[in-house]
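Presented below is the structure to which this report refers.
Per-chain residue numbering starts at 1, and chain names A, B and C are given in the order in which the chains are listed.
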Amino acid sequence: MLPGQQLIDFSWIGDHLGQIAERIGQHLELTILPVAIGFLIALVLSIWAVRQPIVYGPITAVTGVLYTIPSLAAFAVLIPITGLSLVSALIPLVSYTLLILVRSIVAGFRGVAPEVLEAAEGMGYTRTQRLIRVEFPLAVPMMIAGLRLATVTAIGLATVASIIGGDTFGGLGQLITEGLQTFFPTKYLLGAALSVVLAVSADVLFVQIERWITPWARAPGSAG
Amino acid sequence: MESSAGRAATVEFDQVSKRYGGSAKAGTPAAVNDLSLSIPAGRICVLVGPSGCGKTTSLKMVNRLIEPTSGRILLDGVDAAGRELTELRRGIGYVIQQTGLFPHQTVVENVGTVPRLLGWSGARIRERSEELLGLVGLDPAKYSRRFPSQLSGGERQRVGVARALAADPPIMLMDEPFGAVDPIVRERLQDEFLRLQEELAKTILFVTHDIDEAIKMGDLVAVFEIGGKVAQFGTPAELLASPASDFVARFVGTDRGLKRLALSRVADLTLHAAPTAVVGSDAGEARRRGLAASFQFVLLTDPANRPLGWIDAATLPESGPLTEALANPTSPFVNKRTTLKDALSLLLDSDVQVGIVTDRTGAVQGLVTVDMIAERMREGHIAPAYLVDAPPGAPADPAE
Amino acid sequence: MDSVVNWFLDPLNWQGSAGIPNRLFEHVSLSGAALLVAALIGLPIGLFIGHTGRFATAVINIANIGRAIPSYAVLVIILPVSLQISPEYGLNVIPTFLAMTLLAIPPILVTTYAGIREVDRDLVEAARGMGLREPQILGRLEIPLATPVIVGGFRTATLQVIATATIGAVVGGGGLGRFIVDGFSNPSLPAQLYAGVILVAGLAIGLDIVLALIQRRITPRALRGPLDRWAGPAEQASPADSPGMG
């Protein structure tokens, strides 16, 4: 903070609403894309792991190592290879979601009661029918829980991407980094505050989504 | 409207064995050992035995959740092994102890599972599901939209039975279907299911470890012993009257004389005629009639012949009308479907050891006494009439 | 690749305040201190709400929101405050340390709570019936049984703290993140950037494996899953973590 500077300069915010909105839009893109890609990959890996339990250990070990690498290091490592492109941010962000999603999806499938599976088999479901009509819907609550954690994680890590990527990736992290570089607290505090609001909103949103799409999990006894 | 009655198939186990542990070499312990059973169409066959005796394995080989190591299972004479797996299973009702209801589907969706797999129209599935809910005693208007988590244990089992019946399968497999509910609910479910079966006449394989349930539910009972062998196969009466081995005798229990009473109903007895007198009729006449008989009581009834209570003939006035105030209403009522076991326990519990037998309208049919039931036990042959022409089963040789 | 090897072989990079040993020491000591403070706060609260069940929903909901907050955001939100407190250290150690501590509390607290709650309530009831006092139940029954889960929380917190310490370099902090930030801002030093990445990733993965081994060692054999030999960082993405959010 420079001497004599106000902590929050509201007139600056008023003058830059367009830019701020653009940053929020970029941040959403940096969140939704990797979570969506990560979910598709994780779903394939999970179904594989459920059908052949022996691969679950190796899958979680590899995705676990990816998850363990500190974010700044992960973003930095790809710049010389993929250059300053969106891919450099997407690859680490996707890889961070994998462990979370694989674990929750597999837990969802494994959580389906064995007698439900046996009943389905005994009534003449084919394996694919059983997967789509019984196992998948019953794994949804755990999938949503995984998506919730993955999304919140991606929102947080996407802010870090701007430290390395500069304005290539944009997003709210760019507001923070620019604010720090120019010693302008309004900008970095705004970026930080908005990323917090985004993360908490996403968290709450997913709790609501889970309630909407799993009506059977609501409190027993209430007549439907 | 679908008809739920009339379709049943024979089930025949022909030298069926199941061994686990990779190879089917001799020497590996068998879960099921050379099982041969013939179950006629429309009958309930109970597979009973201690845990680990292979009864559930035998059941699951019928819908091929488990494939036999050797031998054949014939359904209406056709080898199950030759049929397409899902088509076979969709034609066999399957009820399990933990119900296996789909938690994410409503009751009506659960019941419609197999019809949906068979590609019925939505309207037909809905109509059939609601019909079945009614059949198992659940009001469709109240229960259709509920999820399994919103049902009691007994209600879940009913939905499980309805779901198994949905596509009107000729065969039903029931694996301890009432094992997870409390004894009172279990008994009610058993009674309801027996009543249902009178209409449906399905061929039912029913697994239980409870010998009382086996005797109550089974037209035929196969007693399994450890090692996957059938120790005895026959009617409940045969099992109780002449156990084929010590194992069967022990398994059936030392109280098998009493258990046999559960196999006969009051309707099987020749009832005493009841000395009735209609309310309002002449008391003097009733008194004379009562005092002349060895049993000097008169049963007062209303004009529709429904019992109001006993009157000691000696206390009756010489003349005047009979009034309800004279009658003592404490006397056990039984109906013709009451088992002799239940009738006996009712009679032993009451002050007046004479039971009044009534029909469906409540009208007096006659009287039953403890002596009559004891006499019946001494006669030995307690067996329901329909078993007289029971087809020859394939009783296993207990010496084997 | 050669240049990275050369960078590691250069004795200059092993000396002084900007050398590998000192940066590693900064990174580890700051992380350790933050974990210690977070444990001093998170453990007692987690044990209390886990054992008594009191205030649990409120505390867990707050902690879950805390877990949702981006670490970079926490770091810079603290910045103006720490500059007020100490203009001298306000720009490096203090915001990083505070952010790391704040971010480490929720995983420790939530898993401690979850670990205690997972202990069979019938077992606790039986212990109470045998006359154990509440602190004895906690000390002899609940804590030993919950320890593997709690260690899982420390694994998560450790990852979080190591990563945040790295980002701390952006606001002028020391630690291994310096190699990455300096290497990046000076395009003539690509080897330093890569060396930083290797050091940071190696530290995080190494610590995680050590904690995983500890976690496995202290898990009673009967409770070990066949496939969990090294199943990645602990902590299930389980909805059980968040009772009645929202």
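Going forward, a residue touches a chain if its C-beta (ideal position, glycine included) is under 8 Å from a C-beta of that chain, and two chains touch if they have at least 3 such contacts.
No experiment lies behind these values; they were computed from the predicted model shown.
Because contacts link the chains only in sequence, without closing, their graph is best described as a line. A simple rule picks the central chain: find each chain's mean C-alpha point, then take the one closest to the mean of all protein C-alpha atoms, which gives A. Averaged C-alpha coordinates give centres for chain A and chain C that are 20 Å from one another.
Mean C-alpha positions place chain B and chain C at a centre distance of 63 Å.
In this assembly, the C-alpha centroid of chain A lies 56 Å from the C-alpha centroid of chain B.
With touch defined as above, chain B holds no residue shared between interfaces to two or more other chains. Within the complex formed with chain A, the chain B residues making contact are 63, 65, 85-92, 94, 96-106, 113-114, 117, 145-150, 163, 173. Residues 64-65, 67-74, 76-77, 79-80, 83, 159, 162-163, 166-167, 169-171, 177, 180-181, 183-184, 190, 193-194, 196-197, 200-201, 204-205, 208, 227-233, 236-239, 242, 245-246 of chain C are the ones touching chain A in the complex.
Within the complex formed with chain C, the residues of chain A that make contact are 1, 7, 53, 56-57, 60-61, 63-65, 67-74, 76-77, 79-80, 99-101, 103-104, 107, 141-142, 145-146, 149-150, 152, 155-157, 159-160, 163-164, 173, 176-177, 179-180, 185, 188-189, 191-193, 195-196, 199-200, 202-204, 207-208, 210. By the touch criterion given at the top, residues 113, 115-126, 129, 134, 137-138, 214-217, 220-224 of chain A touch chain B in their complex.
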